[in-house]
Structures are given as structure tokens and as C-alpha cells.
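Here come two complexes built around chain A, the first alongside chain B, the second alongside chain C.
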Partner chain A sequence: MTRAKALLRDYPIIPLLILLALLVGTLEIMRPGIVGERWIANTVKFAIPLAMLAACQTLTMLTGGIDLSAAIVATISSFVMATLVPFYGATGAILLSLLPAVAIGLLNGIGVGLFRVHPLIITLGTGLIGTGCLQVYQSTVIATGSEVPEALAWLGTGRTWGFPNALVLFVPFAALILYAQRRTGFGRLLFAMGDNEGAARLAGVRGWQVHLALYALSGLIAGIAGLLYVGLIKAPSLSLAVPLMLPSVAAAVIGGTSIFGGRGGYAGTIVGALILTVLGTMLTLLQMPEGVRRILFGGIILGVAAIHLRLTDTR
Partner chain B sequence: MKALRKHAWITGLAVILALLFVATKLIQPSFGASGIESLARAALPFAFATVAQAVVVIAGGIDLSIASIMAVCSVTAAVLMEGASGPAALGVVFLVLAMGGAMGALNGFLITITRVPDIVVTLAMLFVYEGVALLILNAPGGRAADWLRGLIIGGLPIPGLTGIPRALIFLLILVALVWLPIRRSRTGLSLYAVGSDALAAFRSGVNVGSTRIVAYGIAGLFAAMGGLTLTLSTGIGEPIPGPYLLASVAAVVLGGVVLGGGKGGLLGPLIAVFILRLVRMDLTLLSVDPNVSAIIEGTIMVVVVMIGGLLAAKGKL
Partner chain C sequence: MTNEAPLLDASGVEKRFGAVVALKAAALTIRRGEIVALMGANGAGKSTFVKILTGALRADGGHVKIRGTERTVGSPAEARKSGLVPVYQEPSLIPDLDVADNLRLGGTDPAKFTAWMAELGFERFDLTAMIRELPLATLRIIDLARALASEPDVLLLDEMTAALPTDLVEAVLKVVKQQAEAGRSVIYISHRFAEIAAVCHRAVVLRDGLTQGEVPIEDGAEERIVEMMLGEAIKPGETAAQRAAPPPQGTPRAAVKNLGATGKLSDVSFALHPGEVLGVVALEGQGQDELFEVLAGARKPDRGSIEVEGTPRRFTHPADAIAAGLSFVPGNRADALAMQQSVRDNLALPFSARARAWGPINMRREGEVVANTIDRLQIDTRAQGEVGRLSGGNQQKVTIGRWLAHGCDTLLLFDPTRGIDVRTKRQIYPLVRELAASGASVLFYSSELEEIQMACDRCIVIFNGRVVDTMPAAEADEPRLMRAAYGLTGDAA
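Here is the complex of A and B:
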């Protein structure tokens, strides 16, 4: 028993993979034949934008923070991009649309790093400002129309040899994050700051620089996730990615990243995003009233978080 | 020194509020009793949400499910009052208050037994309560008892004091009724103790778990009041939670309650609610685009918390 527990503690991703397999198995029993190549591709397709937004949460949560502006940033960059395409072409629009994303991220970083504001508060605030700006922006561009570039639609919805094209973007992205979090100085700084910020500071870490870089990076990732998501949904709107906000936090939490910082990682988050996506399909298939679905969704998030904590807790 | 700073913050807030009233009067010279009345009535659900959030934050937690609890209470009241609009409505009120308290206490209970962080538990419960509200009523509907609505609409029925809105008195009495006895008691002390250092509180013999449950229970009770006033002021129940979560956190921080717990009171957040509402009203009076006013509100919030952060950092050094 203790050996099994030690194994689970060292590889917290194992119970998550088991849970994912169980969920997929249940789904197959509920609706035999549903689990096929097409279904898997679809699930992965919808899980990827969620997993990217959850990367923002994972990275910030490693330092004990959170980025509640991520979903709004994603929405802003997707909307700005779609409305700029008629003027600047696809490439120009994509590059320009990432500017507000990084700007909001920098603002978060300045608030957290230099002014020592609680990340929850500052990212809520910048999210509010962003929402307002987006609505004002919309009223100025209402006549120009919008369009989603071919390339993004290909990336978002297309499949090649059965694999969703979004993997072209996501696999290098995930590899980079996984590599960065453990093998680079920046990644280790995140863990160090989350574990004990005071000790990190005394060891010579300039916390504000890390925060600034971290939140700017989080903004950039959110922006890219938004571009990918609009390629998938193909209908830019003012609330495009907003429904992904709380699930993105949930994916990171289910994946075993501690909201107090210093523990966790992106691998668990990816599985967490897959679990949430499969769960969403399952609840839709059950054809229950919307209310019951939300109750189950909340209950399962809490249940998984509690069990995961029990299994991996070192105390 | 610490007490001085706390009072300085509240005094500062009161001065800002007074200046805003003067500004409002300058913007619209006809601003008077009816303006204050509608301000107080619009602020009522926000005020209760903020007070609820403040209690939890003082005890070192945060409750993301406040707006959803309010929605559940609002629709329950509206559905039940549709059948019982007479004196029986009073029973409905007590039932809803008990429900709110129970939902809040459930949050605290789950946090205590699962040891999952507050923010995650209340995030999960946000979905659960949202679902419950949708099951009770899946579209806005129901009604509110007219005699209860009279409690919060209009001025005081006392000659000479008709300029004072009933909603404001209603708010102050209810908050004082719940909070003052608790604040003065052992429980109140435990709330602050757990908020400032849970481990130290535990070692001094405070039952941390039950204190947390009490804190969330009180928050649920206040959220139920918020939900009730929502139904009373609109006359119907609304199953989709309003923007009360964000607004409550903003007002709590602006009101001088430190996130992380242990510091602050309920007066600051209450003044902060009226400041935020009055800013919104002024912007509307100035016929500013509502979207631009959202930007301005967000900017005010960010700037205020940045200044607060700087002050806190200075205090620490």
C-alpha cells in the first residue's frame, strides 16, 4: 500500500490517466461505437484550446498566482484578429492581434510584480478593462465585417491522416512548456517562487522580473489560444472564449497543480483538459437538463480535486 | 498605528463618497431624495454580496459561489411567493435565509473535510449552485410579495425623514443585526484569528474547521439576503447569476479588507459599494457610453488596489 502510494506521489499523472480511461470506457458503454478515430480527433480538437488556456493557469499557479484575464485576452485577440484581416491580411492581423494580449499580460505582471497586488484581483480588474475596451472597439468596427483566415480554420478544424491539425501547433507548444518548466532556469524560478517567495528573494531572485515575464507570457499564450479557438468555432464574438475561463482553472486544478504554488506541472493539466472535454461530451449525451449537467460538472471537479489531493498528499 | 491606518482608510473612503455626492449634485442639480433612493435600491444586492464576501475574506478564504447562492435564493423566493404572497411570504423569507446559510455552511464544510483550497471548492460549488438555480426556474419568472417589496422601495414613512431611503436602513439594520453580535463574541475573534494565521489560531485552541464553516455560513446568509432583495426589487426571480462576484471582490478590496484575511471590517466595504455604484451612476448621468464606464470602473479598481498594494508593502518594510 505504501509502495503504491509512493508511486502515485511520484507520478501523480497515473490516477488521472486511469480516470480518463474510465471515463472513455463509460462513454463507450453508454453509447457503443461512439469511441472511434473521428470521436477521438474531435475530443482532442476541443481539448487543445482549453489545455492552452489552462497553461496560463498552470504557469501562474506554480508561483501561487492565477490569471483570470486569460479567457478575455483570448477573446480579445481572436476578435481583433478577425476584424483586422480585411485591412492587413492574415499574417499582419494575427501579429497585431497578439499586441493587446501581451499588453494586458504586461499590465498584470506590473500589478503583481511591482505593486504587489494579489494576482486574483489584478487579473479580474484587467479582465474588466479588457472587456470594456473590446466592446468599445466593436462599436467602432461594426461596419467593416470580420473574417477568419483560411490558415486558422485549417489549423482549428482540419484533419490530416486522422490527426487534428491543431496538433501541429499544440505538440511543439506542450513540449516547450514541459521542457521549460523543469529544465530551464525560468521554469525552476517559477517553482522556487511558488514554494517560498521570501527564500527565493533572499537567494537573489528578482521576483518582479519573473512576474513580469510570466504574466506577459501568459497573455501571449492566451492570445494564441484565442486565435486557435476562433479557427475552431469560426464565429468571432465578444464572448468567444469566456465560457472556457472556469474550466481552464478546473483543468489545472484537476491536473494536480497546487493553487498555492510550488507543486504541479503541465503534463497533468493536459490530461485534466482531456478529462473535462470527455466529461462535457458525456454530460451532453446524458440529455439531462442544463441544471443537472452543471451540478454534475461542479461535483466532479470537487471530487477529483479532493481524491487527487488525498492520493498525492505528502502530509 | 495599525488602528489609525485602518480608520484612515475608512475616513478616506467616506471623503471620496462625499466628494462623489457633491460631484453628482453638480452634474445633475435636480439630484435629490429620489436619486439617493434609486441608488440605495440598486446598490442593495451588491452591498449584501460584498458583506458576504468580506466575512469570508476576513476569515482567510474567498467565496466564488456568492453570486450563484444569490441566484438560488432569488429564484426560490420568487417561485414560492408566487403561491404565497400574503403573510405566508414571511415563512418563505425565513426558509430562503436558512437555505442560504446552509449552502454557505456546506461550502465551509467541504473545504474543511476535503482540505481542497477555498478557491477550488467554491469554484466547483459555483457550478453546482448555478445548476440548482436553473433546476428551480429555468427562465426568469415568479413574483415577489408586494408588502415585502414595500420594505425596500421608497423613503422612510416618518415625517421629516422621508429623504432617507428605506433600502439603506433595511441594509444597515440587517447587517448590524447579524454582524455586531458575532463581531463582539468569541466567534468573531476566532474569525479574525483564523484569517490572520490559521496555524497560530489552531495552537491557541481555536477550532479552525468550525470557524470556517461559521464564516461561510454567515456569508451564505448575507448572500440569501442579497438574493431576496434582488427578487424584491425586480419583482421576479433570475436564475442566471448577476455580476456580483467580481463586484463583491472589488468592493471588499477597495473597502480595506486584506485578501488573505485577518484585517478589515464591514463598514469599509459597505462604503466602497456605494462609491462604486455612485461612480457608475455619475457616468450614466454624464451619458458616457456604458462600455466606456466599464473601462473606467475597471481602471479605478486596478489603480486603487495598486495603491493599496504599495501602501501595504511600505507598511511591511
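Here is the complex of A and C:
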């Protein structure tokens, strides 16, 4: 018993994987035959944009922050991209659309790093401002129409040999984050800053630099996630990725990243995103009123987070 | 009297943390009016034992009898009811509340608390002070006064004095003695033999979680205790008198002129030369904290100048000081450590500090540097995944080790041997000498006066924010240092 507990404590990802397997099993029992190649590919396809937005939350949460503007940034970049395609072509539109994403990220970084505004407040604020700007932008470009480039649709929805094409983007992305969080100086600093910012300072870390780089990076990731997501949904709108806001935070939390900083990592978040996606499918299948589904969804998230905390607690 | 059951009688106590065995068979008996020292090297299990006896941790096995009846101490509240009250090694006050609120949380009577504060040398103590803003030494005294206010039968003091300067240590020892005279008992943990010899009746020695035996405190006890603690005798260290220190010359590494900051540091000047270890002696709150913080770039001075290698410098961030070669080991290790990160991450932290080092880490080279440092300081790495789980002394070693690993021209050591056991102390002094011999400069504040002779070449004494005396370390005996520290030397007036 103690050995099993020690194992779980050292590898907190194991209980998450078990939970994921249990959920998939339950789903198969609920609807025999549903779990197949197609279903898996579909689930992965929907989990990927969520996992990318959850990367924004994971990285900022490691420093004790959060990025509540991420889903709006994703929406902005996708909408801007779609409306610019008629003018600049796919490549130009994609590159241009990432500019506002990074700009909002930089704004967050300046607020957190230089003016010491709480990340929750500043990202909420820039998110609102971003929403407003997007509405103004929409009213000026309404006539020109929008278009989702082929390449993005291929990436978002296509499958090759049964594998979702989005993996072409996501596998290198996840590998990079997983590598960077433990084996680069920047990654180490995220943990150190979230754990004890004063100690990092005494060790010579200029916190504002880290915050600036971090939130700009978060903006960029959110922007890319938005482009991928619009490739999947194929209908740009003013609220495209907004429903992913809270799930992106939940995926990071379920994955074992502490909102107080210093603890966690991206591996758990990926599993967290998968769990949430499977859970979403399950609740849809239950054919219950929307309200009840939400109650269940919230309750399950709380339960998982609490159990996870208990398992990884040491005493 | 001897027929009376002991107040506390623990035997065969075991505790495991995952794979780490902290206690194998710890035992201790204490009777009314006794002061018993609990001794052991860093990581021997002293703090774990205290936490078990006071209900903060649950034992995996063993027996605890309180006044003759077998008990399981389930919670701190239960321990308190049985008369067992601890002062843990790390301050247990909530930083964002004021003193009064902290007292309320613990159910402490403010009147009794204030009386004890006065007894300990803090007359008319201000209960509205925020914990965050108080110096570590004061926090320790608050912890003690709070424990005393609940009139414990057995008071358990875990390295209570490690962060205290001499005058406060005296006050604590006086109170401890009074407790025993009033028929109460004290379990006393400290790595300083002078304190043990001054107040304790006998010492219980732990090694690797096993109680080795007991030694009555009498002449020659120190050698016996050390041998029991470590399983071997250790050589006495070399003192300043045995070192021929050439008088410093040339451009100083760091020259401090008329430095002042806040109300505490008024006017301090001195020069620190390459290859020199300069001791700093001061009672609590004479401006030494501010001096070190200013030199480390963690606090802005109000006046005065700092020159490094002859060039005036202005530090606005610790990174500036580090770039100029000045590295700081703060007095409170909690200020320097990322407690949830590994020993390795903590040791290597300064390497990643600068933006140009944000890229991939050379894991092999880092691994070597870290392993080398762990080896040099003999850090007990059984719980290395999280620094917060190391024993106090081993955490302290990590804070020093970081700058050994990183390398620096000038080391600012603020009471670096806090909570470190005898063996490691005897390794740290030669290490400091070695650094100096290789051309580094060291500024060494110590609250333990005998360290000045063990580690330094010269020393300055600060009183009331000014340097009141400077002397070669060989002449820095305790009476002279104390006189100067209380401002009683000629040039102090």
C-alpha cells in the first residue's frame, strides 16, 4: 500500500492515465462499439487546441500567474486571420494575425512584470479590451468576408493513416514545452519564480524579464492555438475559442499544476485536456438538460482535482 | 521523587517518509525539572522526533508515555493539552497577519505573551507589528514567548537559538533555566555546545534516527557527545592565532564608505581585500542586516558609496551585485530557497538567472558541478527531490553551496553556519579559508563569537549602525568583542 502510494506520489501522471482509461471504459460500456479508431482520432483532434490553450495556463501558473486572455487571444488571431486572407493570402494572413496575439501577451507581461499588477486582473483586463477591439474591427471589415485557408482546414480536421493531422503541429509543440520546462534556463526560472520570487531575485533573476517573455510566449501560443481551432471549426466568429477558457484552466489544474506556482508541468496538462474532452463526449451522450451537464462537469472537475491533491500530498 | 513516573518517556519511535527512514528507534525520557539536550548531526532526525512528540507528525511505530500512561499524540492541540509545547525549527507565524492576530489564532493570552516578551528583553512589545516586517530573530522570540505563555510542562526547543545574536541567546538560556527551577522541563536542541554546557543536565544523542545513548553534562562531555553523534572523533579547527595573516594591501576588492540605509545603518566604512575574510560582529539589529542587503543589491542605500576594484558601483538589483562579483547568502534560508524544487535546481539557480542563459542547459556539466558541490558540503540528499524536505542544516548547506557552485569574487555570508552541525562547521571554516586562499574575499557576519577566530583574518564590530572597533581576529576574544558590541569601547563615544 505504501509502496503504491509512493509510486503515485513520484509519478502523479499515473493516476491521471488510470482515470482517463476508466472514463474511456465507462464510455464504451455506455455505448458499446463507440470507442474505435475514428472516435479516438476525433477526441484527439478536439483535445489538441484545448491542450495548447492549457499550455498558456500551465506555463503562467508555474510562476503563480494565469492567462485569462488566452481564449480571447485565440479568437482574435483566428478572426483576424480569416478576414485578412482575401487581402494577403494564407501565409501573410497567418503571420499578420499572430501580431495582435503577441501584442496582447506583451501587454500582459508589461503589466505583470513592470507594474506588478496581479496576472488575474491584467489578463482579464486585456482580454476585455481585446474583445472590444475585435468587435470594432469586425464592424469595419464586415463587408470583405472571411475565409479559412485550406492548409489550416487540413491541419484542423484532416486525418492521415488514421492519425489526425493536427499531431504534425502538436507533437513537436508538446515535445518542445516538455523539454523546455525542465531543461532550459527559462523553464527552470518559471518554477523558481512561482516557488519563491524573492529567492529568484536574490539569485540574480530579473523577474520582469521572465514575466515579459512568458506572457508574450503565452500570447503567441494562444494565437497559434486559435488558428488551429478555426481550422477545426471552420467558422470564424467573435466567440470562437471563448468556451475553451475555463476548460483550459481546468485541464492544467486537473493535470496537477498548482495555481500557487512552483509545481506541476505540461505532461499532466495534456492528459487533463484528454480527460476533459472525453468527459465532454460522455456528458453529451447522457442526453441530459444542459444545466445538469454543467453541474456534473464542474463537480467532476472539482472531485478529480481534490483526489489528485490528496494523492500527491506528502505527510 | 525518583518513584514518580517520568513526564515523558518515548521509546522505539519510528518514522519513514517514503523511502527515507528518518527515525529507526528514537528514545528519550525526561523528568520534572530536567533540561535535556537532544543532539545529533544534520539529518539525524531531531526535528522529526520533536514533531512526533508534539503531534505534528504521526509515528510509524514506537511508544510514547506521558506521566506514565501510554498515549498516541494525535494532534498539536492534544499535545498542548498534555503539556507538551514546541518551538519548531522554522518560524510558525503567518506573515500577512500582525502579532495580535497570530496570537489569537493560537489561542494565546496577549497579557501573558507580553510579559514573557518583556522577560526576554522586548519591553512593551508592539502587538500591531506585521510578522512579515519583523526580523527573523524577533520571530523566534515571539515563537518562544507564545510557547511559554501556555505554561508548558515540557517545552521543546528546536534550534531556537540558531538565528539569535549573543544577547538574545543569553535571555533565552536564562528563561530555560528558570523553567527548570520552577519544576518544568525543557528538551533543548542546538548545535552549539556552549549553550548545552550552560544549561543542560544531560544529553540524549541521536545518530541516523537511532538513540545512541546519554551523556551527563560534565567536563569532557563535548568530546563524548561528538563521538556518539558522528561515530568518530573530529580534529579541533585551526584558529586565527595559528594562521599567519599578512596585512592586507593594494586596491581593496570592495571599499565601503559612509554607507547608510534606513534608520538602522548610519555610517559604516571598511575595506575588504582580496584573499581576506573580514568578520562582522554585532548584537541584534545594529544595522548588520541592512549592510549586507545593501552590498547584495537587495536594498538601496540612502547615502555613502561602494567601490568594487576601485570603481564606484551602484546596485539597483541583486543581479548588479552578482555581476560585480558579490554573492549573498542571507541569514534566513527561507529567503534564498525555492523549497518545492530539487536540490539540483536550487544549486543551479544562479546559472539560469541571466536572460542569455535561458536556452538549453548542459545537463551533464550541470550534473557534475552539482554533484561536486553536494560532495564538498556533504549535503544529505536522501530527500533531494524537494529542498523543503531536507533537514534544516542541509537546507543551509544548499544556500551556501549555490555560490560555491557558481563561483564568486566576494562572498557575503550572513551567519552561514546557522543550524549546521559540528562536523560540517569544521568543514565550512576551512572551505572559507580555501576560498580566501584562492583570492576570493569574504564578509562573514556571525552570531557565534568563537567563529571569528575560526574563520576570519580581521573583524569589525558594529554598534548602532557604526563601526566601533576593528581588530585582528587573533585578538578577537569574547570579552573584547562583547564590550565593543555593547558600545563600550573608547572610540564609540
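Heads up, the rule we're going with is that the second predicted complex is superposed on the first by the 314 of 315 C-alpha atoms of A that agree within 3 Å, B and C clash if a C-alpha of one lies under 4 Å from a C-alpha of the other, contacts with A are read in each partner's own complex, and residues count from 1 in each chain.
Convention: a residue touches a chain if its C-beta (ideal position, glycine included) is under 8 Å from a C-beta of that chain, and two chains touch if they have at least 3 such contacts.
Note that the structure is a prediction, hence the values are computed from the model and not measured.
Asks: Looking at the overlay, does A:14 come into contact with chain B only (first), chain C only (second), both, or neither?
Replies: neither
Asks: If we overlay the two complexes on their shared chain A, which of chain B and chain C does A:209 touch? Say first, second, both or neither.
Replies: A:209 sits against chain C, while chain B stays out of touch.
Asks: In the overlay, answer first, second, both or neither for which of chain B and chain C A:178 touches.
Replies: neither
Asks: Once the structures are superposed on A, label A:262 by its partner contacts, choosing first (chain B), second (chain C), both or neither.
Replies: The answer is second: A:262 touches chain C but not chain B.
Asks: Could you look at A:195 and tell me whether it touches chain B, chain C, both or neither (first, second, both, neither)?
Replies: Second partner only, chain C.
Asks: Once the shared chain is lined up, is A:141 touching chain B (first), chain C (second), both, or neither of them?
Replies: neither
Asks: Check whether chain B or chain C contacts more residues of chain A in the superposed model.
Replies: B
Asks: Which residues of chain C touch chain A in the complex?
Replies: The touching residues are 16-19, 57, 296, 298, 317-319, 322-323, 328, 330, 334-341, 345, 348-355, 357-361, 363, 385, 389, 402.
Asks: Which chain A residues qualify as touching chain B in the complex?
Replies: 66, 107, 111, 115-118, 120-122, 124-133, 135-136, 139, 246, 249-250, 253, 258-260, 289-299, 301-302, 305-306, 309, 313
Asks: For the complex, give me every residue of chain A touching chain C.
Replies: 2, 6, 9-10, 183-186, 188-189, 191-192, 195-196, 198-206, 209, 213, 262-263, 314-315
Asks: Could you list, by residue number, the parts of chain B that touch chain A in their complex?
Replies: Listed in rising order, the residues of chain B that touch chain A are 62, 110, 114-117, 119-121, 123-135, 138, 246, 249-250, 253, 259-260, 289, 291-299, 301-302, 305-306, 308-310, 312-313.
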